[in-house]
Amino acid sequence: MNALETIGLEKRFGGIVPTNDVNLKVREGARHALIGPNGAGKTTLINLLTGVLKPSKGRVKLGGTDITNLKPHQRVARGISRTFQINQLFGELSPLEAIALVIGEREKLGTRFWRAFGSDEKIVGEAIALAKQFGLADVLGERTSSLPYGKQRQLEIALAIAGKPRLLLLDEPAAGVPEAERHEILETVAALPKDVTVLLIEHDMDIVFGFADRISVLVDGKLFVEGEPKEIENDPRVRAVYLGERTDD
Amino acid sequence: MLTILFDGIAYGMLLFVIACGLAVTLGLMNFVNLAHGAFAMLGGYCAYVLVNVYGVPFFASLPVAFMFAAMIGLLAERTLYVHFYNRSHLEQVLFTIGLVFMTSAVVDYFLGSQQRFINLPAYLQGRFDFFGVGIGKYRLLIILVCALILIVLQLILGYTRFGSRLRAAVDDQRIARGLGINVNWVFALTFAVGCGLAGLGGALGAEILSLEPHFPLKFMIYFLIVVSVGGTSSITGPFLASILLGIGDVAGKYYAPRYGGFVIYTIMIVVLVLRPQGLFARGTSK
Amino acid sequence: MIPASARFTWASAPMTEILRIENLRAGYGEAVVLPGLSLALERGQSLALLGRNGMGKTTLVNSIVGVTRRFGGKIVLDGKDITALRPDQRALAGIGWVPQERNIFKSLTVTENLSAVALPGNWNVERVFEMFPRLKERRYNLGNQLSGGEQQMLAVGRSLVLNPKLLLLDEPLEGLAPIIVDELLAALRRIIAEEKLSAILVEQNAQKILGVTDRAAILERGAVVHEAASADLRKQPQILESYLGVGKAKRA
Amino acid sequence: MNTGNTVQDSVTALKKKRAWHWLEYVFWLAAAASVFLLPSQHALLTQIAIWSLFALSLDLLLGYAGIVSLGHAAYFGFGAYVAALFAINFTGEPITGLIVAGIAAGLLGLATSLLVLRGTDLTRLMVTLGIALVMYEIANQMSWLTGGADGLTGMPVNPVLGIFPIYFRPANSYAYVLIVCFVLFFVAKRIVHSPFGYSLRAIKGNPLRASSIGIPNNLRLIAVYTIAASYAGIAGALLAQTTPVVSLTYIDFQRSADVLLMLIIGGTGYLYGGVVGSALFLVAQKFIGNITPQYWEFWIGFALVVIALFARDRGVFSIFERILGALRNDKAKP
Amino acid sequence: MLRRSFLAALAATALAAGSVPAAAQETVKIGLIIPLTGPFTTTGKQLEAAARLYMQQNGTTVAGKKIELIVRDDAGRAENTARIAGELIQNDKVSFLAGFGLTPLAMATAPIATNSKIPMVVMMAGTSIITERSPYIVRTSFTLGQSAVIIADWAAQNKIKKVVTLVTDYAPGHDAEKSFVDQFKSKGGETVESLRVPIQNPDFAPFLQRVLDAKPDALYVFTPSGVGAILMKQFVERGLDKSGIRLIGPGDITDDDVLPGFGDAAIGVVTAHNYSTDHPSAKNKEYVAAFKKANPGMRPNFASVGGYDGIHLIYEALKKTGGKTDGDALLTAMKGHKWESPRGPISIDPETRDIVQTIYIRRVEKKNGELYNVEFASFPDVKDPVKAQKK
């Protein structure tokens, strides 16, 4: 069973085709990495998956259901969560508030306007548990904007997980994290719940090969190669893409 | 019919000369300068004082009005506006409305709250017949002066190094800075010229729009409409919008006087709702 | 290629540093991409900056230009501390920049793109046209009417008319057709190897530029992890493979 | 590290946010006391209360949902006209009038919200401005109904709920306005501290993230725009009930601008900004106005420039904070 | 935060309380509520200047009482006018309310006057109905109908058959249009077209073009004071004067205060109004001279005489009541009062409490290099025609 499947996905901006006939299959429970050089079209692909962009052609299926025409928040309700390459957090809220907010929205309680926020013990309890799991227990009540970058990065992932996604899109989770805080992020990523399917976009090969059980290489908007990490590592075509042809002059 | 067209063009040209500076501030610097009309008013009053009090010839007062408004603009930009470039639009709105209040009160204090008109030389008054089309002399002058300004602006923008540096800065500020263009200075100078043009427009327009201390608030909406409908990425956009607004307003009132009051606002809302991004392509929210 | 020692005698003046970066901490917003980078470059030398995506190459270049957020450290150009200068002042001080996305000014013609930023010196618009005759043919076209290769030539030309002391080229070969790559490479070779303009070249694709530059540095997570003469590095594919290739790190 | 405690602390802190601060009790008690203690200022206090409510409605938009409006008087004026016409044609009972005005203004808000939500701040400024200008023209042109520039008079104001007379009883009418304000403040406070209120803050803080955790941004914004319009309508209705004439100035640009200025002076995003701002604004207008009636605008303008230069979200208080901050600058910056 | 507003409010009471008692028995206070900020500032300034001038000329002691003028700005907002009126009555214990630059401002205060039985002297606002809103209202300005009807009469008598009307699209404009059109029709004239101009209208060109196309004998115009100048200039610029169309209207359009700035365009415009700076009486010459001396750069206009005569009426009423400030007694004293104003003989209609005055037909001419409304015909003892019709 595929958690995610794209069928002939294509996006055009004028003459540019950043996503070109992409047929991507991500197995249920997979740890799937998406790599590729600069400008390969990874960002556009993510935007197509989350519904920020509408495809010019092709379909997106989540767990077998066609979600091509759903709006971003409707896709979230169907189980797609994502993190961003550049943190997208609520600077004014505390981690506790932010996580509780996500849980509340997940439980469809976001339109309650009379009940006090945070009065639902179940939600707060779950939020605290999650925060502990992501190493945020000691900064629960602080303003997010005042947290160190590494903690913000943790929160970025925690927010995505709080939505209990079936499919999690991780966009360069370790980008910009100082070396000292890096291992925490890696541990977090490694410890993600097993029932969540993960699609990882990453340049850092340590992370990719330490984490992924399957790798797709995207080049010029097309799926170039796909396979087990070992296959990819030894694929001469991939090597050519990354190292360049030797121009024996 | 042709007279209506002529009147509309004159009116639109006037709006353009005053508002094009606003397009520059909004488009280039992403700055909501509601005080733009204040510079027009200052230019207008400057010309008024020169002509009516000191007896300076009308034509000589125009360049002075330009310089006066430009200098004040430059001063304000360097001392006050510069602190607001990275602030939210809301703070810019507040700040510039505050400026409007202050200028209005100051003008009222020194020059009184009556309407003022600049004494025009006799040869600019009245109108003549041109193959059956009535042409107002003063309106013709407005069209000529504004057309001249438009041409000069286009020449400066298109054929001088300053012009290309300015366009480069508008295209991509970050890269322009990295390639040695002092964007701050380019903008300051442009801001000053924009204010100067507003001042010149204020002096030219005093006859038609009339000068009074509430001028900036009264016409703010019109300037904003010109800019929002025309967009801010070039001067042709606001120019076309001004002419369109001028002709549309004049013609709308001529043919359907009852609804004259609604037309402009409704057009503005419709345009903005249909093409909000297109019109403010550079003015993304902060 | 001329060995470094040979050049030393060829250049009668003693070699001096054109660029020195000390413990540079920089990034965007809150994120620190370069946690403390140091680097030096001799006058007349060229450096290839290698590394995978997202390792800080572009951030380093942008930090030299001055368009990133600096948290600490120092940048010295030709003996002059430029750390506190604005980007436009740095350009006047002698930094020439070919940005990653090329960023041709789209509403300027080819000639204007050059003349708008030109500073007095060896390089002028005419010389750029000599070097890239294609640009001369298209001199009245607007920036957004050029092909990718032409844009790249223009970006290079634009940085040259600044008459810089140090040229920074950020992925100049990215996304170009092979024939254009060759043409550009030839031009770069002329500028760097023959005219001895100090330069830093960023490239993902190591093989293409190691033949052009004197030295090479490999960046990983914002730090220089390997530095060597380009010629030496070319002969050590296993090093390139481990830092730049696809696969798990093979170092301890 | 004593994690257990910090967790407990932050949960307590979360609960504390929605609890009433002692200053709030003091404020409302003082407001209640002023009914008895300040008879000479009831008229001014009534105006302050109404402006506060109007500013509160804008705060819901701006301070909590991040929607800028330069045309909020459209709903204020609409509410006022609806209340007046309803009183003239059906019943002069004030509470009924408020409810009708609130619903009508809310519906207008709902209808226009679709126009407002598109685009950037600047587009919103212009569109809201345009809506208010069109409303103004409509009120002016329909002078057979609204009285146009001469104003709409002859609106009956019966005793509230048939028992509490407010017509020409400044103390009673102030008490009435105050009670309405209190109830609406209470409701607003519940709203902003509810999950719905937090989702608004999330949208304001980061719309991209908000939609990617499943918040339907537009629906929520439409909801709050409707609520805010309804609040503004009620404020307008209150003014109509306490002033003998409803005129075009209820709806004019000046009013939209003033309410924005008041809110900003007082500070956004903590509900009481409007109170502080309108009190400062009106008291200044009154007392500076008594000294220099013609030029008080200059000083208001000056104050705005200063506030814009130095203040942020918290309006005048940011300036105090800055001064305090400068005074104890020996502490290291965070 | 509360503390601030609370303290401010406290301070306010203290101020108010402190200033009242000392001289309460000896002082009669007049509350003058006028727009001094916002778009109607000019009107407010004229009213204030004239009121102060009258007090300066006639002393501040009447019937043994000291007269004090309290000036307040309502910024042209009705809710402010009503609030200030209430405060003046309650806190400052004024005996008269005066001023009222615009109709809604007067309407908003009317019930307060009724309720507190305090005379309310309307010095500017001109809609007919105002005086009917409270038995305590008297008016010393004019009603719109007075000028509109008289100019219609004059037009009909002077070979004007076809007229286009052009008024600003707001309630007073509608009144001015109706009064004129009805009267003109009853005298046998024909109104070929009635145009209404939006309030926010910077350019009259399209409307004037329509007028030109309609080729009437005269164009009848009413706009708020201040807008007239632009219209006039465009009228001439468009050559309407040369095509034989006469410009007529109520005197608002050739406001004496603004007229000097009109330029020669205005010469020849015929209007009907209650006052001209040029009114050739000794009383007026003295008035104008004193006004100009006290307010350099300003020329007294019709608003000013409203203020001047309003204070006069208050003084005279106090004299008649012997300084008693009982509202009903003061009203009785005011009703039917007749006196010589700078504008000529005027009186207060005892039935309607509205003003009865001479309406002059004037033509704009240049005298000593300055523009004036020169009177050349007069219609004495004109009452408000709207009320007359209702009877």
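Order of writing sets the chain letters: A, B, C, D and E. Residues in each chain are counted from 1.
To be clear about the criterion, a contact is a pair of C-beta atoms (placed from the backbone, for glycine too) under 8 Å apart; a residue touches a chain by one contact, two chains touch by 3 or more.
Please read all numbers here as calculations on a predicted model, not as lab measurements.
*Asks:* Using the contact definition stated above, find the chains touching both chain A and chain D.
*Replies:* Both chain A and chain D are touched by no common chain, going by the contact rule given at the top.
*Asks:* Which pair, B-C or B-E, has more C-beta contacts?
*Replies:* The greater number of contacts lies at B-E.
*Asks:* Could you tell me which chain lies farthest from chain E when each chain's centre is the average position of its Cα atoms?
*Replies:* Relative to chain E, the chain with the farthest C-alpha centre is C.
*Asks:* How many angstrom between the C-alpha centroids of chain D and chain B?
*Replies:* Chain B and chain D have C-alpha centres separated by 33 Å.
*Asks:* Quick one: chain C and chain D, Cα centre-to-centre, how many Å?
*Replies:* The mean C-alpha positions of chain C and chain D differ by 56 Å.
*Asks:* In angstrom, rounded to a whole number, how far apart do the mean CA points of chain D and chain E lie?
*Replies:* The answer is 36 Å.
*Asks:* So how far apart, in whole Å, are chain A and chain B when each is placed at the average of its C-alpha atoms?
*Replies:* Here chain A and chain B have centroids separated by 48 Å.
*Asks:* Listing for chain C: what residues touch at least two other chains?
*Replies:* none
*Asks:* Enumerate the residues of chain D that touch no fewer than two other chains.
*Replies:* Chain D, residues with two or more chain partners: 133, 137, 140-141, 294, 297.
*Asks:* Kindly provide every pair of chains that touch.
*Replies:* A-C, A-D, B-C, B-D, B-E, D-E
*Asks:* Using the touch definition up top, name the residues of chain C that touch chain B in the complex.
*Replies:* 65-67, 86-88, 90-92, 97, 99, 103, 105-108, 112-113, 115-117, 119, 143, 158-159, 162
*Asks:* Name, in rising order, each residue of chain A that touches chain C in their complex.
*Replies:* Of all residues in chain A, those touching chain C are 35, 37-39, 86-87, 149, 152, 172, 175-179, 203-206, 209-210, 217, 229, 232-233, 235, 238-239, 242-247, 249.
*Asks:* Using the touch rule from the top, collect the residues of chain E that touch chain B in their complex.
*Replies:* 38-39, 41-42, 45, 169, 195-203, 205-207, 209-210, 212, 226, 229-230, 233-234, 236-239, 242, 257-258, 261-265, 297-298
*Asks:* Can you list the residues on chain D that touch chain E in the complex?
*Replies:* Where chain D meets chain E, its residues are 23, 26-27, 30-31, 34, 38-41, 43-48, 133, 137, 140-141, 143, 147-151, 153, 168, 170, 239, 243-245, 247-249, 254, 266, 272, 275-276, 279-280, 283, 285-287, 289-290, 293-294, 296-297, 317.
*Asks:* Under the touch definition given earlier, write down the residues of chain E that touch chain D in their complex.
*Replies:* Residues in contact with chain D: 1-2, 4-6, 8-10, 12-13, 16-17, 36-38, 41, 45, 71-73, 75-80, 82-84, 86-87, 90-91, 102-104, 107-112, 115, 127, 129, 133, 169-172, 174, 198-200.
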